[in-house]
Amino acid sequence: MKETTIILRKAGKEKGALKLRNPVLIVGLPGIGLVGKLATEHMIREFKAEKVAELYSPHFPHQVLMTRKGTIRMLKNRFYVLRHPKKGSDMLLLVGDVQAVTSEAQYEVCGKMLDFFDSIGGKIIYTLGGYGTGKMVDKPRVFGSATHKDLVEQLKKQGLVFGVATGSIVGAAGMLLGLGRLRGMRGACLMGETHGGYVDAKCAQSVLKVLGTLLNIEINLTKLEDRAKESEKFMRKMEKEVERQRGLGGMQDGGLGYIR
Amino acid sequence: MKETTIILRKAGKEKGALKLRNPVLIVGLPGIGLVGKLATEHMIREFKAEKVAELYSPHFPHQVLMTRKGTIRMLKNRFYVLRHPKKGSDMLLLVGDVQAVTSEAQYEVCGKMLDFFDSIGGKIIYTLGGYGTGKMVDKPRVFGSATHKDLVEQLKKQGLVFGVATGSIVGAAGMLLGLGRLRGMRGACLMGETHGGYVDAKCAQSVLKVLGTLLNIEINLTKLEDRAKESEKFMRKMEKEVERQRGLGGMQDGGLGYIR
Amino acid sequence: MKETTIILRKAGKEKGALKLRNPVLIVGLPGIGLVGKLATEHMIREFKAEKVAELYSPHFPHQVLMTRKGTIRMLKNRFYVLRHPKKGSDMLLLVGDVQAVTSEAQYEVCGKMLDFFDSIGGKIIYTLGGYGTGKMVDKPRVFGSATHKDLVEQLKKQGLVFGVATGSIVGAAGMLLGLGRLRGMRGACLMGETHGGYVDAKCAQSVLKVLGTLLNIEINLTKLEDRAKESEKFMRKMEKEVERQRGLGGMQDGGLGYIR
Amino acid sequence: MKETTIILRKAGKEKGALKLRNPVLIVGLPGIGLVGKLATEHMIREFKAEKVAELYSPHFPHQVLMTRKGTIRMLKNRFYVLRHPKKGSDMLLLVGDVQAVTSEAQYEVCGKMLDFFDSIGGKIIYTLGGYGTGKMVDKPRVFGSATHKDLVEQLKKQGLVFGVATGSIVGAAGMLLGLGRLRGMRGACLMGETHGGYVDAKCAQSVLKVLGTLLNIEINLTKLEDRAKESEKFMRKMEKEVERQRGLGGMQDGGLGYIR
């Protein structure tokens, strides 16, 4: 595998599976406070969205995960389709284990994602994430940053707060909007106010509330907190595993230590 | 986006917009003391030069900037056209947010810049920068380093100081001249004597004075200092932002910390 | 050499040399405790397996080894053919000096390995390695992780322990299975329980016992310990050499220190 | 410039300039004790060898050097032709400012060098370097490591010492032999015994004595020491320059510090 590759799953190959009505891309890749990931995975499970494609990349870490069932699985990103329950826009949801680390890799991976979204006629992108402040708040606001000026005005009315968040948006949450805009797409990043040092379910709730308004869809948030705990547990396990591997010293990383 | 790409803006697409008389490339990318950037941006604003093209690169940091208006914008470099007010050479001015970091990236980005300059018939390049000495001086000299011996003699007469600056010129200010020379172009680097530890408007003034002589153009320097303060403010804001992000620890950088 | 290249040796070019019966790939590249490497090299020597191909890669360290005979040799990986003594599957054995270090490189190198295995009709892969625990045990268990659920059930019966090892498998031992699965191949990683901080011959024995059962082949383990000592000696020599080179300071690495 | 490029100089373009009799490649790129570089540059100046080609690479540092004359020059490697004064083999001499740093880059650069040598019918390579021991000796031995066993026997008789140097040869001195061998070329690395912590003219003399025997050419060594002092002076200047640049702190490296 020389470059990032998107493989259609069975559901994605079915006739009409990728014929979406005014498709909106919702992106929740791992990032600050895992806010975007929590929010998007909650939607997928809540609405039983169907997995249509997987993305693999040589820019993801060269390791496989061992599952509880005794099988291995590669690190990947996943696309799901969620048809709007009423007459709104259909959704393509993007989640995953990791993001690419280097700039060159992010440009390539985001480019492939946009190619795919483009191929199904997509024009609108909402990326979800956290805006780390180092502080804890009771009612996290949701900050916005949009691709176009007229969108700013429109989104303000729907609950997004503009003019507070400053600086830069690192990773796919920013790059998909930046590169998308160069292709004529429109969209915004929805950043929930979060501490940044822990998995923040409350913040993900705030983000989902605003997103629900934008998409004109009702999202039941009852199970979000439980799912956040699951995510945190998974994360802690991963961290423990990383420590175990580090403890092995020079022989780790394929044992190259002994020859370099 | 797999490689560095130059996109023509509306102004650049207009008929005759890129028909320049003996075009000279003036380069002011970020570097020591922000000297080159200050000087070139001052010219652009002073003469209301017109933006004709933008350069994007997968070798630039994978992040977008949030603007005060609530919109996002990608990191980029920009080309402006400035027609000589009298009968001198027209100018293509190059400024930007960043430079590429690695050698391979610098070679690619500088190559694309030269392709573009070549396509409009350009032959002469002046790169502007600072020469850091760690000392503060009242009247900063402007050191030179040229692509050809005969240019050295000519530039000495126009106020550039040769034989003092030693060592190497890192980044686009050097590479555009080195790679340009391999393509038959000529030019010089104008390095203002600067401390190196702060944004140096006085040094940028010295550089612009010499550049004015070289180009036979009068440059009003009144507003330079104010603009330098703006640049410094922007810079400080960015630094603060970087600190905010660093404070977020392992979850920063797209939250990859939890899995590697 | 721009990319990873597999070169057939004389034996591999002979007629029918690569016509294997239901070929199984056995992988023992350097890793935790050198378990996989010890085990696979033992098989090669015990059964006098024939070298059929060598793999070179620009992603391996840019150095050559000096042999005792006064010659140099490049770092490489090697493929051997071992025909099953009875009616079982023939084996392609893969060993080597090093693994690639970065993700991109691992994806490329593993891709080339699978291309080669695919070209001889291969479908089944067993990768051998160690699972580092930081503890010493008398009777190392052999943990398994398989590509498919039905394989898990089957392998449990043959002595592999599932459900204990958690986390991820880094490097070729994991990637060959992950990427192989995407191509329709099947297989498992056999991980011997090991401390992780030293070369573990006893663990390699455990792994070979299970592998013998899987392949229905009797493996004499008498000489394994002696061979492990040899491997350890080679490793210590390499480490000493690395220290010698480090002691040379800035002039090492091709003397680039003086110019950067 | 996307990849390493060799450009013929005027002398190299002249008719017959590259028609060499049994050409031997002599390589003296920067490395331990600058031994190989000193030795090869001495030959070039002593015999007034003619520059026939230059090699540029995007894998070399992205900077230009300022010369005393006020001009800039790119970092590069250089090929010279030296015709054997009697009936021996003609020589292609390779020297340079730097070597590539990463493995991938070394494989590419060495590949291009071998392409060029191949294009003029070359078959034999001698790479010159130092073997760092951390000790100072009165009469530095010259250790050898050859591509083929029969060469070892032959070179022993001509003064090279085998069986002492162990470990690996890092960089072009090793890779040119390793990659050359895969193309059917033959050769050896001549490593002078050296401390490793300073520029070692005496060691370069030892290496040149053995090389003179191998090539059946008399090399006058009178001026070698003076030239070594020049090299050392250049090196010290470079180091001082590096310190000057480091002193500039975060604004160095093209001033990227302020935005990342």
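Order of writing sets the labels: A, B, C and D. Residues in every chain begin at 1.
Here, contacts are C-beta pairs under 8 Å (C-beta built on N, C-alpha and C of every residue); 3 or more make two chains touch, one makes a residue touch a chain.
Just so it is clear, the model here is predicted, and its values are computed rather than measured.
Visitor: Counting one step for each move to a touching chain, how far apart are chain B and chain C?
Guide: 2
Visitor: Quote the value, from 0 to 180 degrees and to the nearest 5, of the angle by which the CA atoms of chain A must be rotated to coincide with those of chain B.
Guide: 90
Visitor: Could you classify the chain B-chain D contact as same or different, where same means more than half of all interface residue numbers appear on both copies?
Guide: different
Visitor: Looking at C-alpha means, what's the farthest chain from chain A?
Guide: D
Visitor: Counting in whole Å, what is the centre-to-centre distance of chain A and chain C, each centre being its mean C-alpha position?
Guide: Roughly 36 Å separates the two chain centres.
Visitor: Taking the mean of the C-alpha atoms as each chain's centre, how many Å separate chain A from chain D?
Guide: That pair's centroid distance is 50 Å.
Visitor: Can you tell me which residues of chain A touch two or more of the remaining chains?
Guide: Touching at least two other chains: 61, 238.
Visitor: If two chains touch, include that pair; go through all of them.
Guide: Touching chain pairs, listed by label, come out as A-B, A-C, B-D, C-D.
Visitor: Touching chain C in the complex: which residues of chain D?
Guide: Chain D reaches chain C through residues 29-34, 37, 61, 75, 97-99, 101-104, 106-108, 111, 132-134, 144-149, 152, 162-163, 165-172, 174-175, 177-179, 181-182, 189, 196-197, 235, 238-239, 242.
Visitor: List the residues on chain A that touch chain C in their complex, please.
Guide: 1-2, 7, 56, 58-66, 68-74, 237-238, 240-241, 244-245, 247-249, 251-256, 258-260
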